[in-house]
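In what follows, chain A forms one complex with chain B and a second complex with chain C.
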Partner chain A sequence: MLSRQHIITYGIALVFILALNFLLPRMMPGDPLMAIYGEEALVAMTPQLKAELVERFALDQSIWQQVGAYVLALLRGELGYSYYYNAPVFSVVLGRLPWTLLLVGTSLVLSTILGIVLGVESGWRRGSWTDRTMLAGLMSLNGFPDFFVGMVLLIVFGVIGGIFPLAGALTPYSGLTGWASVADIVTHMVLPVTALSLAHLSGGYLLTRNTMITVLKEPYILTARAKGLPPHAVKYRHAGRNSLLPVVTQTGIWAGRVFTGALFVELVFAYPGVGYLTYEAMMARDYPVIQGLFLVVAVAVLAANFLVELSYRKLDPRVSRAH
Partner chain B sequence: MSLDIIKFNVIYRDGDHSIQALEDVSLEIKAGQCVALVGESGSGKTTLGKACLGLLPANADHKGEVLLDGEEIDFSDEVALNRLRWKRLSMVFQDGAASLNPVHRIIDQVAEPLIQHEGLSRDKARDKATRFLEEIGLSKEFHNRYPHQLSGGQVQRGLLAMAMILDPAVIILDEPTSALDALTKGFVAEVIREAKGRGKALLLITHDLEFAMHNAEIMAVLYLGQIMETLPADEMLSHPLHPYTMALGRSYPAMETARDLGGIRGDAFYRIIHQHGHGDAAQYRHAHIQVPKLSHSGVHAPPTGCLFHDRCTQAIESCTEGVVALEKVEDHTVRCLRRGIVTMLELKGVTKRYGKTAALNPLDLNVRSGELLAIVGETGSGKTTLAMIAAGVIKPNQGRRMFYGHDMDAWMKKDHKSLAKKVGVIYQNPAESISHRFSVYEAVAEPLTIHGEKKDHAEKKELVKSILADVHLSTDDAFLRRYPHELNMGALQRVCLARALVLSPLMLIADEPTSSLDPSVQAKVLKLLLDLQIERGLTMLFVSHDIGLARKISDRMGVMLAGQLVEIGPSSLVITKPLHPYTKLLIESARGNWEDASEGGSTRQIKIGCPFRFRCPRQQEICAREAPSLRLLSNRHVACHFPYT
Partner chain C sequence: MHINVKKEILGSGPAIIGFVILLVMIMAALLAPLIAPYDPQQQSVSSLLAPSMSHWLGTNHVGQDIWSQLLYGARTSLLVGFSVGALAVLFGSICGVSAALIGGLYERIIMRLVDSLIVIPMIIVIIVIAAYIKPNILVLIVLLSLLSWESGARIIWSQTLSLKERGYIAAARSFGARKSYLAWRHIIPALGPILLVDFIYGIRRAVFLEAGLAFLGISDPATISWGMMMRDALGFSYLNVWQWWLVPTGIALSLTIVGLTFIGHAVEPIIDPRLRGAEVA
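What follows is the complex of A and B.
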């Protein structure tokens, strides 16, 4: 299914990322320890701790031994220690990950599906009143960044309407359990998910609509119609299926930035995701966390690409031959 | 199970003008019958196919009816159409693999209609599709493949299986063979034969004339949206009645045709209907043929008349006016004011004697307009006499000569000049047929002088130069001043040709025009002759002793023996399957097999019986008693008691 060439490509990318992550702090001017641990660490720094850190990173040894120590640490799941959070970076990031996955994943699925459906319907009715309204509406929506949409939603439905909570991922200290806690999480999600989905909807929609218009001119669409298939079958089984590829590519690209893509929206809604964490870490100059995030995000991009490629093969059998 | 298309019109709207894609097309396809629709691309073949299924694009307006088993199809009701599509009327589309969805497996695409129309479960539908595909010759290992993983032939099998899976009564096949090699075409033919056997009505849209001839019963020739001729399919090459049908046949590289490809002069483009400035668009009266060369200058072809007239080789003044209707001629229907290809020259019972020697026994001959008829035969068979009688140079002892519908002798008596103007002649020896005292200019201009045409000197010179350019000769003054002895044979024969063409004759009679030329020059002159024939629509009578050469240039061939035509028919047939032993002998000799050419004494002075009998391997007792007369046999005429059949 996957050729050796593919595996090698992904391997090279991974090595490159790791190398960057390893080299960057060591290339910064000044004390590498400070670059690795940030100013925060200086406060807690004692000669004893310093000696321990130098030993852990093998800073007093050759560069290759440093590489070895770095890789070994990675294999143990050690991304470093955040003195700001006073916790290992790994657990800090891991604590935020589910929230972002939930938020971005939901909106990714929603906006992609909705974008495809709207695109298919709009392309099918090209030139009609429905098509033109949708096109105009989604084009103008495309012009607004997600945080702006988020702010508008927050003001309208949160501040004025008071329907949805203003911030966070769940009501703190509510002690809710079971379905009640699920409902609480969902209500907290509605606005940020809507903001993210709306912002990304038009991309998928426009791509699907354009591809749809091209695909509808293909001879096999005529064949499908000649077979006496009802419109929905022609639209989705024959035309829609062939219009998927570009949207999947786009979704894949976006999915790669799953942890940082929601940064602004998480900020607006004070949502405790990875994006918010990135912001916090940057504000606090918490280098270990920033580096950890860099690694996680880069690996996520690779993984998303990989998944998209897998789905290509499923969606369009012709791809398995192309490189 | 029948499909009836009645007066079907399709117009594609496109901004301020429209394109008339089909006009009053009527076709009837009965059960068990295959009707082939042929014509150049852009003639509207595919439009008709799609229209039957209600698949015309949104910018197409249609008028007229399509009856399926006598019941009119309502193209406005999509739901009803969907019930009918594929179940009763299916189509094999022309684009091969592009007609299949790239992301679905072939088996699923074949099975899809079963699920849709018959409510079968996916598994059952796949089972049935599997059987169907295997029957049509696509083995199981390919069933789960995607279209891009199949070869052209396999795709075609898939498309055919898909079209037949619901066992519809009517199947439209749009170019089913265009992507296939000759061997693979065989299975399409097999499928057609089998479907006809089961009483299906088939519409075969194709430009593959040979395939159409062998697989269809009736052929309809479409030109710019009009049916020009419907004819029995097997007469496509041997007996076309419409000039367009003939030209189309001439352009097709059928295996049987021996003649070099001809092509059709000019180009057909689109028929544009302009709505601006004209009142009633619904009348379709303002249809223009947009011809590329005209479209540049913004001028359109005349709005009325026969659509083909500007490319037709026999068009007359009245062809440019009015509306031409379809007419029944013999067992064809023909849309031609002149009721099909006219007879240019007709000889009836013509004889010629030189003293006691009979050069021509009573002989009948028809030369159709725009065709190249070759007369072949051995020395002394009367070829040249025939040509000279046809040209009006010598008088026959008996018989009638008709030229262009008029009695030639009466015409000559009254006004020899006007007849001579319409017939150009080229003789065997170019050096002897031009006076050595004439310069090139004088030789070519002489006919103009004789007929009093182009009195103005400059005009005359212009015309002479343009004719010289037509025959690929130099037009500079130095060349015009040259004398025959200064030219080589090839150039000289071309001067003769220019001289014969300068009056724009209707017919050209050439008596061994290339036999004094070496092969390379001969090839050039013949190519030129053929090009001129296509471009000017010349009718030609070409006399040659070289059957090999005649076969490369002629549409029909007449074989002469002892002052008689013993076999006459389409050159392809005469060459590939000669019926007369004499024809066979000529062909074999041309191939270099002289064993059979035993001398059998003089053939001319035989008064009783077949003149060929002494040399004939098949002769029997009756051949001595009774001279065979010409009779129709497998698409040609032959005079033999025991022809090769």
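What follows is the complex of A and C.
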């Protein structure tokens, strides 16, 4: 199972995130309450509320007592209160999370599967015209930032083509139910998901292709060929399956990247996920929401990496014995 | 590790394309004050003009010349890219080489730190920091460098470990060479190609991040950046101005990243020699 080393690694990462979240507003010059809540919110506050907040954050006490108050609040699931949305930060973030997960999950699955298939085909034909075209094409695609791909798709298929909706995740006030509402969500998803999948296709492709090239040199591939197996069986059952492992390890890291990629793409399509929320909160200087988002997203990505590492160890027992 | 980097790069078609692209961008950045027909910050009443002889790419919403902005944007992108690339390689090699050579508790602490930083999503960290301190270009460079040296450090560390056992380095150690001498005289020169790959990918990441952050609105408004231009252009996507405003900017940014990817991919077999010959047809 997991080694102590890994638990320490993730522990340090978590402490780093929490420490950053705790220290940033408190290191700002001036009133820490202002840095925690933002200027606008502070103007509207009554003296009683201010006093209450100072007490809640233990701001009049030593730094260690402040740390204690901070950790206790986190353990209770309190991320603060957003004066802009007039709701607890936790519920604001939670309300947006499903949209982002939908976007990221779909894109991750699509781009990984397509990347693996293209990588296997490309590596199998390595050096051929098809392989070189695919390699150059996908590497170029890799250079196109996801938000630029998104904007081009938006203009071509949304503004000019008018095929897909321009913004949002649902048609507002449409009163759609059942399958009609599912179809509505899907049509709103098409462009952002395409942008994200295209921008993140090359990772899986390049890795699978590289592994494929190494795996194809293995003796068991020669054996499989020598015993007369049809090419597609050698390609997918023998070489392809063994090229999967590195892709699995990377999925955790990609999940993080697609998640942050969604931040940009959501802004392009005004898609109401956590990425767009981050943008809104920054524009409104809603510091509690920014902090809460940072915590939730960072911990989610850490958790994804952690889970992938666990599953990798299950898939390839050599890894856990390697240390 | 005797690899002819020049041969490796010149032997690959895409790498040559990459070099040409990068060279064009560097020229644009260096010569911007000479080629740009207008001051990129100069606002005028003639806003959202279509391309013409006097404004090759038209003007933006506040009447600034887009072509001039594009040239100055290359400056920002490449300045941030190269600085962050260099600083990240510097931090990465200091930590990687010293950890491998010194060993013991020091090595364990440094490498745990590196592993932890690898699993943290950096863009989000930068966003939260930038939300508090509106970074100018210098702060942005430092911030990006501090948060992007760790993956390089890991590769450099593992390579140094294997180099340490090589005959000639073991020989130098048996003659009583000090660690600092080993590092400068033997390890760093032998790491050359790997540092180069790390540098190129460091530039690529920084160019992308700078544009992305500016696109999100995290940038110094006084600095012209491709990301900022795209963000401004997005607000006018319902007009036909995107053709000469958004598209050229996006293409310039993408080409820069593609060029760096091509160069990086050609040098990558240095890190993983098993890939050698994969490109040869």
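Methods note: the second predicted complex is superposed on the first by the 308 of 323 C-alpha atoms of A that agree within 3 Å, B and C clash if a C-alpha of one lies under 4 Å from a C-alpha of the other, contacts with A are read in each partner's own complex, and residues count from 1 in each chain.
By definition in this document, a contact is a pair of C-beta atoms (placed from the backbone, for glycine too) under 8 Å apart; a residue touches a chain by one contact, two chains touch by 3 or more.
Quantities reported herein were computed from a predicted structural model and do not represent experimental measurements.
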{"item": "Chain A as common anchor, with chain B and chain C clashing or fitting", "value": "fit"}
{"item": "Contacts of A:Asn142 with chain B and chain C, given as first, second, both or neither", "value": "second"}
{"item": "Which of chain B and chain C A:Val117 touches, first, second, both or neither", "value": "neither"}
{"item": "Partner chain(s) touched by A:Pro219 [first = chain B, second = chain C, both, neither]", "value": "first"}
{"item": "Contacts of A:Leu20 with chain B and chain C, given as first, second, both or neither", "value": "second"}
{"item": "First (chain B), second (chain C), both or neither touched by A:Ala69", "value": "neither"}
{"item": "First (chain B), second (chain C), both or neither touched by A:Tyr287", "value": "second"}
{"item": "Contacts of A:Asn305 with chain B and chain C, given as first, second, both or neither", "value": "second"}
{"item": "Centroid geometry (CA): angle chain B/chain A/chain C, rounded to a multiple of 10 degrees", "value": "70"}
{"item": "Per-residue contact with chain A, leading partner among chain C and chain B", "value": "C"}
{"item": "Contacts of A:Tyr279 with chain B and chain C, given as first, second, both or neither", "value": "second"}
{"item": "Per-pair minimum CA distance [chain C against chain B, superposed on A] in Å", "value": "11"}
{"item": "Chain B partner contacts - residues on chain A that touch it in the complex", "value": "218-220, 222-230, 233, 237-238, 241-242, 315-318, 321"}
{"item": "Chain C contact footprint on chain A (complex, rising order)", "value": "5, 8-10, 12-13, 16-17, 20-21, 24-25, 28, 35, 126-128, 132, 135-136, 139-140, 142-145, 147-148, 151-152, 154-155, 159, 210, 213-214, 256-257, 259-260, 263-264, 267-268, 278-279, 282-283, 287, 290-291, 294, 297-298, 301-302, 305-306"}
{"item": "Residue ranges of chain C touching chain A (in the complex, touch as defined)", "value": "14, 112-113, 115-117, 119-121, 123-125, 127-129, 131-132, 208, 211-212, 215-218, 230, 233-234, 237-238, 242, 246-247, 250, 253-262, 265, 272, 274-275, 278-281"}
{"item": "Residues of chain B that touch chain A when the two form their complex", "value": "50, 53, 55, 81-87, 90-91, 93-95, 98-104, 112-113, 116-117, 146, 148-149, 162"}
